[in-house]
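Take a look at the structures listed below.
Across the two complexes that follow, chain A remains constant while its partner is chain B and subsequently chain C.
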Partner chain A sequence: MKYKSQAVAKLYFIAAIGLFLGQILFGLIMGLQYVVGDFLFPVIPFNVARMVHTNLLIVWLLFGFMGASYYLIPEESETELYSPKLAIITFWIFLVAGAVTVLGYLLVPYASLAKWTGNDLLNTMGREFLEQPLPTKVGIVIVALSWLFNIVMTVLKGRKTAISIVLSLGMLGLAVFFLFSFYNPVNLVKDKFYWWWVVHLWVEGVWELILGAMLAFVLIKVTGVDREVVEKWLYVIITMTLVTGIIGTGHHYFWIGAPAYWQWWGSVFSALEPIPFLMMTIFAFNMVNKRRREHPNKAAVLWALGTSVMAFLGAGLWGFLHTLAPINYYTHGTQLTAAHGHLAFFGAYALVVLTMISYAMPILRGRAANPERAQIMEMWSFWLMTISMFFIALFLTGAGIVQVWLQRMSPTPMSFMAVQDQISIFYWAREGAGLVFLIGLLLYIGSFFVKGESRAFE
Partner chain B sequence: MPPAININNQDDLPGDFAIWIFIFAEMLAFGVLFVAYAFSRAQDVELFNASQLTLSRISGAINTLVLITSSYFVVQGVAAIKRGLNKQCAHWLTGAFILGGVFVVIKMVEFHAKFAADITMSTNNFYMFYLSLTFFHFMHVLMGMVILAMIIMKAKRGGYSTQDYVGVETGASFWHMVDFLWIILFPLVYIIR
Partner chain C sequence: MSATFTKSMARNVFYGGGVFFFLLFIALTFDTMKVLPKRDNSQNITPAVEHGKKLWETNNCIGCHTLLGEGAYFAPELGNVYPRRGPDFIKAWIKGQPTGVPGRRQMPQFNLTDAEIDDLVAFLKYASEINTNKWPPNIEG
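== the complex of A and B ==
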């Protein structure tokens, strides 16, 4: 690596992968509970498993983003990180707070957890994805601000590039929009309205800036294409992202009690949200086709291309599937949403973090690329995880379509639980695909331990 | 014709290619909204016709003339810079900028009248479309004015030349799009019955 302080990224990447494994294990537990309702009851009830599964996802992605930015910002800014020490302290605070929170979910009844952590002082708990106790939420703000501070100070003292500016903007947005998790009005419509400012404006807004910046960075490195070309693409893509994504928030406002014009605004603007993702795919393939060098890290190129394709499919296509109000009227909150959620999070965010890890980790370990055998194993893990996740999405889509029909469209609609029985075959299939995913992930982790002749720096 | 010296090939789109990606995306967004308008109008023609009568066609028509004239000024600005005349270019574009301001003022008077009459986006589907479409377009006019202002400032410093005027063409392309969208929007929402 070019700058000593980039080494802090390694800690973050290792934690990210560890938490990723935890997320998948809880996903498998929960997937089984869909069909074997009392599996692990009362030790790990479904609602707790779900909370751990989704919270771990967010936290490992945040670890990934942080590690990635500590790696790429010094290189972009051509200077050492402002404070590697702060980055290490932040890491341990975040990791310990995260672990304590998950243990709290698992060991203490949620209501007691709320009582002990001061939820009656400021009521913020009990909402999907924002279940964290108050001290954890405050901790997240502190960690995010410390990260932002460290990165911005580094950018300010060094070279300013489009990538570092876009990344910093994304991080600023991430910190700002999380503040809405502290706003919990009694009015349920308002509560939901602003809840989406965290959830939607993160994943369909500011996170996409972070995604774009990370992908652009890796593509410059592995293809050697001119920075100006990559930067112009990046600007066009993020502008389109914000233009479509911000008003696109409206696709969550169709049925929650917000004014009816959101059905038009939300439908039209979110229907355009796939465009920046499509542009990202075209961009990635274009850059790789125009490459000026053969980078020895073939695995990183595969992850990068995979990100652009799977993000388009998961976020773009599967999102579009149910984003128009007249369709969403039937599909809202069904397994179609789960299908989209899985493929989008994996395709856009899990893959971009893995892309970054795949590119940076060998360098952090003192070589340009991993040994051939390790890379082959890594590429196998890419295909296993990607294909099995695609199948998870397909099975859930199947489940969703049958669910919509039986529960909401048929002349003799069935009750929710009766329908769940009817679609159990899809859940079993999904659990099978989940196991293949776990094998892929274990293979991925194993690839870090493969020894062999590795390419030194040129 | 002697081979052109400047880097802008006649066959290429004028301005930076990136702006054309935006223009394409913008046209798509407005296109979808126009189709949605037509679709909803077909469901309730009487309501749309009745509500349409409350719009001020005069101010809409004046604004159409204002924008078309401003586009002409922009064309003159580009022609000036192609001859390397930074000052003249800045003057023409300033004219266009002022006309943009006139459009904004007239539009605000119109918006004010509607809000004073307690008309909101929730009044009915026609007003929802009228307010949304004209508001989105209004924001584009403001955006276009910001772009023009930046080009004017650079031109005043003599920042362009016969060799390098891509920036002017890029801004001009955006402004023409803003004008063009209004030329569709005005008859669609104010006139066609």
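== the complex of A and C ==
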């Protein structure tokens, strides 16, 4: 590595992978509870498992984003990180806070956790994805601000590139929009309206800036294509992200009590949301085709191309599938939503973090690329995880379509639970695909321990 | 992309486009907040509803159920459970959990008092009277 402060990224990446494994294990528990309803009840009820599953996802992605930025910002800015020490302190604070929070979910009834952690002072808990106790939420703000401060100070003292500016803007947005998690009015419609300012404006807004910057960075490194070309693409892609995605928030406002005009705004703009993802795919393949060097890290190139394709499928195509108001009227809050959620988070965010880890980790371990055998194993893990996640999405889509028909469209609608019994075959198949995903993930972790002749720096 | 469209042009379009659409979003939000009182049933928010919402949150109901279509998809939609089942059924149901039927999805026992359950039901009644543009399509949610 060029700058020794980049080494802090390694801690973050290791934590990210560990939490990722935890997320998948809880996913498998929930998948089984879908068909064997009393599995692990009452030790781990479904709502607890889900909270752990989704919160671990958010936390490991944040660890990944932070690690990635501590790696790439010194290199972009051509200077050491402003404060590696702060980055290490922040790491431990975040890891301990995250672990204590998850243990709290698992060991204490949620209502008691709320009482003990000051939820009476300021009600913020018990909303999807924002279940964290107040001290954890405050901790997330502190960690995000310390991260932002460290990165911005580094950018300010060094070279300012489009990649580092876009990444910093994404982080600023992440920190600012999280503040809406502290606003929880009694009025349910307002509660839901501003809840989306965290959730939607993160994943369909500012996180895409972070995603774009990370992907652009890796593509410059592995293809050697001129920075001017890559950064121009980056700006055009994220322009389309914001142009479509901000008003696209409206696709969440169809049925929660907001005015009906959101059906027009939300449908039209969110129908355009696949465009930036399609551009990202074209961009990634174009850059790799025009490469000026053969980078020895073949696995990183695969992850990067995979990110662009799967993000388009999961976030773009599967989002479009149910985003138009007349269709969403029937599909809202069904397994179709779950299908989209899984493929989009995996395709866009899990994969971009894994891309960054794949590129940076060998360098952090003192080599340009991993040994051939390790790379082959890593590429196997890519295909296993990607294909099994695609099948998870397909099975949930099947479940969702049948659910919509039986429960909402048929002339003799069935009750929710009766429908769930009818579609259990899809859930079994999803659980099977989930096990394949776990094998892929274990293979991925194993690839870090494969020894062999590795390529030194040229 | 062609050489006449430079990186700095792309950057300017990004900032201009981002700011424009964010301002448009803010304007639509202002309008939404203005017309919301006609739709959001806020005139019926009582202390019981307020307490009910807090119970809804601190027992993490959203971890299994959906409310107006948002939440987890493991258990039934509750935005319209009030008209679907009625208050007495809901109260008896909450008290009777878990069913303990082997292999069936289980809802935990939350040990709520009668007064707390009344407040929770008041919250669900309030939620069911929000104008949701006729969603869900039928009573099954």
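Worth pointing out:
Convention: the second predicted complex is superposed on the first by the 458 of 458 C-alpha atoms of A that agree within 3 Å, B and C clash if a C-alpha of one lies under 4 Å from a C-alpha of the other, contacts with A are read in each partner's own complex, and residues count from 1 in each chain.
Criterion: contacts are C-beta pairs under 8 Å (C-beta built on N, C-alpha and C of every residue); 3 or more make two chains touch, one makes a residue touch a chain.
These figures come from a predicted structure and were not determined experimentally.
Shared-chain residue A:Ala338: touches chain C; no touch with chain B. In the superposition on chain A, A:Val236 makes contact with both chain B and chain C. Of the two partner chains, chain C is the only one touched by A:Met409; chain B is not.
Touch criterion met: A:Ala260 reaches chain B and chain C at once. Once the two complexes are overlaid on the shared chain, A:Val268 sits against chain B while remaining clear of chain C.
When the two complexes are overlaid on their common chain A, residue A:Gly118 makes contact with neither chain B nor chain C.
More chain A residues lie in contact with C than with the other chain of the pair chain B and chain C. When the two structures are aligned on the shared chain, A:Gly18 is found in touch with neither chain B nor chain C.
Using the contact criterion defined above for the overlaid structures, shared-chain residue A:Phe193 touches chain C, although it does not reach chain B.
Common to the chain B and chain C interfaces on chain A are residues 232, 235-236, 239, 243, 259-260, 265.
Of all residues in chain A, those touching chain B in their complex are 232, 235-236, 239-240, 243-244, 259-261, 264-265, 267-269, 271-272, 275, 279. Interface of chain B with chain A (complex): residues 18, 21-22, 25, 28-29, 32-33, 36, 121-122, 128-129, 132. On chain A, the positions that touch chain C within their shared complex are 30, 33-34, 36-38, 41-42, 45-48, 50-51, 110-111, 114-115, 119, 123, 125-128, 131, 162, 184, 186-190, 192-193, 228-229, 231-233, 235-236, 238-239, 242-243, 246-247, 249-250, 253-260, 262-263, 265, 329-330, 332-335, 337-338, 407-409, 413-417, 420. Within the complex formed with chain A, the chain C residues making contact are 1, 5-7, 10-11, 13-14, 17-18, 21-22, 24-25, 28-29, 31-33, 35-36, 39-42, 45, 49-50, 53-54, 56-64, 66-77, 98, 100-106, 108, 110, 126-127, 130-133, 135-141.
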